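Heads up, the next two complexes both have chain A, just with different partners, chain B and then chain C.
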Partner chain A sequence: MARNVTTQRKIVNTVLAWGIGLLIFFPILWTILTSFKSEATAIADPPVFLFFDWTLDNYRVVQERSDYMRFLWNSVIIAGGSTLLGIIVAVPAAWSMAFVPSARTKDILLWMLSTKMLPAVGVLYPIYLIFIKMGLLDSRVGLTVVLMLINLPIIIWMLYTYFREIPGEILEAARMDGASLKEEILYVLTPMAVPGIASTVLLNIILAWNEAFWTLNLTAAKAAPLTAFIASYSSPEGLFYAKLSAASTMAIAPILILGWFSQKQLVRGLTFGAVK
Partner chain B sequence: MGQITLQQVTKNFGDVQVIPPLDLTIEDGEFTVFVGPSGCGKSTLLRLIAGLEDITSGTILIDGADATAISPAKRGLAMVFQSYALYPHMSVRKNIAFPMRMAGVDKAEQDRRIEQAATALNLTDYLDRRPGQLSGGQRQRVAIGRAIVREPAAFLFDEPLSNLDAALRVGMRLEISELHKRLETTMVYVTHDQVEAMTMADKIVVLRAGNIEQVGSPLDLYRTPRNVFVAGFIGSPKMNLIEGPEAARHDAHTIGVRPEHIDVVETDGQWQGRVGVAEHLGSDTFFHVHDTGLAEMLTVRVAGEVNLRHGDTIHLNPRADQIHRFDDKGLRIQ
Partner chain C sequence: MTIRTAFCAASVLALATATGAFADSHTTTLTIATVNNGDMVRMQGLTDDFTAKNPDIALEWVTLEENVLRQRVTQDIATKGGQFDVMTIGTYEVPIWGAQNWLVSLNDLPAEWDVDDILPAMRGGLTVDGELYAAPFYGESSMVMYRKDLMEAAGMEMPDAPTWDDIRAAAEAMTDKDAEVYGICLRGKAGWGENMAFLTAMANSYGARWFDEEWKPQFDTDAWKATLTDYLDLMNNYGPPGASTNGFNENLSLFQQGKCGMWIDATVAASFVTNPDDSTVADKVGFALAPDKGLGKRGNWLWAWSLAIPAGSDKVDAAKKFVAWATSKEYTALVAANEGWANVPPGTRTSLYENEEYTSAAPFAEMTLESINAADPTNPTVDPVPYTGVQFVAIPEFAGIATQVGQEFSAALAGQQTAEEALEKAQALTTDEMEAAGY
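Moving on to the complex of A and B:
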């Protein structure tokens, strides 16, 4: 009896999970499908799902009109650079909060997180002015720094959570064994935290890759990443759904592939500490 | 060399003083055990010596040189932790090599010392394993190996055996004692287990609430405890402490008699009571005696088998020369 109930539940859960999964994935699937349609089919009513004349025209046109590789390269530099910078700043910060906490550590952590609660547009004006004054507008350096700062609270929080799981006695043992602070972090803490650091890096790359507010507002042409590439196919040129979809597909493809191959790391990273 | 001297050392955590001013000298080559109930400050004291905690005031001298402001790495001490604290991402060999790598010992010398330590600790077959693949006892031996190869001025042990099961604990206790005999290096050992203290120590430091209650050899402490606390803490089973008229008869506020210093007689004992639980160990028998009118319960230890059972009346004679007398402040009356 009990076994039957379990099997039944398993089936219901599986169907439900797949259903929700497909529902979430559907817009992406639709975008990918649309990118292979002609503009006319793309706006057909009722919409066609699979049975249409598949075409690569949109990709050809998009590639002719704008230089995909330049946008891609900007995205790689900005997402990768901001993540690398963020990790360099966050590892020592998370180390100090996890292993030598003061009475105010919790407050500082909360305060850092609270900066994420502010709508980004609230600081657009000051940052824009700073960028003009410093000549950073439409530069990869400027965007890298801004995205690093935007995501820093999340990086520090994630690393802090991982570091907290590492027993302090092991670091003390390293200290007794003659390791300097640098050696302790380099040879003992970091290798032990590699899984945590890896999922933090992954998540941050994804966040930085998809970030659209700052990248759209602070770039024009030179430093524009893929988010700007997508945006350039929206409204002003009219309803080019198929081309917009092609551009979107090209923009999300790299991160989709990265996410697919690092699923295990990501899931572990996002559920870390939840089950123990 | 490895003489450690604490002069007027104190430690506060916030407003709480966990170590009031304390003086202590640990002689070179001595096996010193800090013992006391949990929260008595024994681990804190060890961590102050190690340098893992900063002292609030006072001075720590290692071989006569002021080490108060020196980092743990530079004090030349090695520590073995309760949780072993091995580096999980390194093989046993790399774990043991780590302190030498930090000190810049050359590769050939590293290998020589690793071989030597591995042989002494029965770890030769495990050098390429990770700590996660070892048993508790083996992990503890790796931790000791990592400490040995540093050739430290002194070893610090922080309750190293409390994560092991009882049988292993006895074995490791012997191994550590033998190690001390062989190396003749100063060892400071923290435990809450007075059996470990009694069996291993040259010198025991009994601590309570950060205060040193008594310092002495195991037998000093057993024979002449300075106060009621030490009397009750050292010895197993615990000393019987009796107050009231019986104590007054001996001109004392409290008298103490160890379970092994009470004889069971057939009739007309000085004291008598009713047997509660009788524990027959074969070599010894422990009686928990109630209704004596002296204390809630007396423990009596008799060699061999004595056939008394639950509810039987038991006659007892304390050995007059083995009665410890304490005044109303709990201090020993000579």
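Moving on to the complex of A and C:
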């Protein structure tokens, strides 16, 4: 039975939700605002919020100094490629764990997740040496594979959770109708799990897009994505906050827009199976 | 259908991923790792001059923040990753990497490059066993930057070569905490290149040293106690609040906003604090040498960002051409022609300081040169030491040890422990680390 919610409570909830939302969004808003300030205004004390001479100069400087499109293209390839590769590997893996579990399935799932608990820097040198041997340093192929591997446990876990919500009887019915394993996964299971797969894809694109440890350590000039683009504007000697903010805004803009347009899908996917 | 589309998209992406940028087989592409600072960024904008003279060489830049760059190039050179053909490295790395034979000797750069024109202090810091392992791109020391108007209002005059007592008296006279004006701003943020750069240089002038000739740590000496006590006393009485988190940029920002009476830091800051676009006190800044304690050594450091070629690079000839171009007198003239004399990379060549056009365009030129000349990386302390380096000790273990010591000193500045406690911990941890390293 639905609870009666008073108008007063609704107002309080709305204000609270907006307050928390703005608080979370504030660092991004501040970065965007700083990108339109001069370097001197960016470090002004007390800080200037809205009333300053707005300038596009930082964006001009960043455009002149860096090949933004090359960094952007690398980010798109690496984030998109690693997510798609991950999905291709994870769908069959999650299917087997969800529908034909063995006695060790739970252990395997936990073991996979445990790899995320290892600090990345702990395996930096082994991976770096493997990359040297295989000629993969500063290549999009190498980075795509590494990002796929580090995000794979999350992809499998998410898909496994979504698949568990799908009644096994439907797949059984498909098998009764003569569907092969491939057909069962491709034409019965996957379409039913589209909201879950979509949110997994979106979340992993965001994770891969923002990944800054491997992308900075394994790239130089050719495969460097937008994280390297941002890092190039930080400086220990000199004023750089406004230009860094402009570079950050340019780097997060595509993913912010993607998130904005797909937020319904994202929320739907993330709450998929929440109500039993 | 959706799945097929996804597979197609994956294939297309995989193909695109596999497509590398294949350079023209006649062109040698140099990948250059560099730091993000004004001089380096300016060089990237002027490389058309180099590529016009060397049409068979293409340049690709990797610009990174200093600490990230240091980690990346160290990782690459130690594992022979070969990602970079030219590296921008500091004065700390050159002696260590040179001794390991990780760098290509630059002794055979062309005669017109004029190695004898390089400032002796810089050349000494970049040479190991007679081999020059890096070409200095820009150099810096540290000096006192002070507010002439505040000194005048206090009825004082800053000597060109002040003592630490002069600095203390000036800091006391200029401090007006109600008006948010603090007599002195110094580095407090922990790190071997942060507070420890300043404190090691200050300690040199107090007669302190990191190690004696037997490599025994010296934090238990009276000279270190006097150094740290005076530093904490200055900062606690006349420094800005929250100084234990202040590094170069934080102090730069405070000084530019008129909140510091004095700031002792890198000579490169002179061009920032005198730039009227960013600084509210641009026309009120005076310069003086870093202070001394009457013991024959000043508390100034020596640093250069230099270009070096990793050993094992298969593009050594092209890399040498680039290094010679970027650190030549002709490059200096090119910057002057395009952006004015005040913007040429300072601190590396004697000829620059003999150039009247430069000295008249840069009011801080003379003090910068004197500061650089006052630093001697091969003989940095009052008592003899077994190491080279002014504000660092050129051994691989130093960065890790000094960062830990810096954390203890920063904690003392934050009021979490006394100077004695910080020094005791510094002595213990340095002794442990050095013993573990086999010294």
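Quick note on the criterion: the second predicted complex is superposed on the first by the 269 of 276 C-alpha atoms of A that agree within 3 Å, B and C clash if a C-alpha of one lies under 4 Å from a C-alpha of the other, contacts with A are read in each partner's own complex, and residues count from 1 in each chain.
Rule of thumb we're sticking to: contacts are C-beta pairs under 8 Å (C-beta built on N, C-alpha and C of every residue); 3 or more make two chains touch, one makes a residue touch a chain.
Keep in mind that this is a model prediction, so the values were computed, not measured.
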Fit or clash between chain C and chain B when superposed on chain A: fit
Chain B versus chain C as contact partner of A:47, first or second or both or neither: neither
Which superposed partner A:92 touches (first chain B, second chain C, both, neither): neither
Which superposed partner A:80 touches (first chain B, second chain C, both, neither): second
Chain B versus chain C as contact partner of A:177, first or second or both or neither: first
Partner chain in contact with A:191 - chain B first, chain C second, else both or neither: both
Touched chain A residues, chain B compared with chain C: C
Touching partner for A:234 - first (chain B), second (chain C), both, neither: second
Contacts of A:216 with chain B and chain C, given as first, second, both or neither: second
Touching partner for A:21 - first (chain B), second (chain C), both, neither: neither
Minimum Cα separation, chain C to chain B, after superposition on A (Å): 13
Intersection of chain A interface sets (partners chain B, chain C): 191
Residues of chain C that touch chain A when the two form their complex: 2-3, 6-7, 9-10, 13-14, 16-18, 20-21, 31, 33, 35-38, 41, 44-45, 60-68, 72, 75, 79-84, 193, 247-249, 252-253, 256-257, 266, 268-269, 272, 277-279
Contact set on chain A toward chain C in their complex: 38-40, 43-45, 64-65, 77-78, 80-81, 84-85, 87-88, 124-125, 128-129, 131-132, 137-141, 144, 186, 190-191, 194, 216-217, 220-222, 224, 228, 231-240
For the chain B and chain A complex, residues of the former touching the latter: 50, 52, 71-74, 77-79, 81-83, 85-89, 98-99, 102-103, 146, 150
Complex contact set, residues of chain A against chain B: 167, 169-170, 172-180, 183, 187-188, 191-192
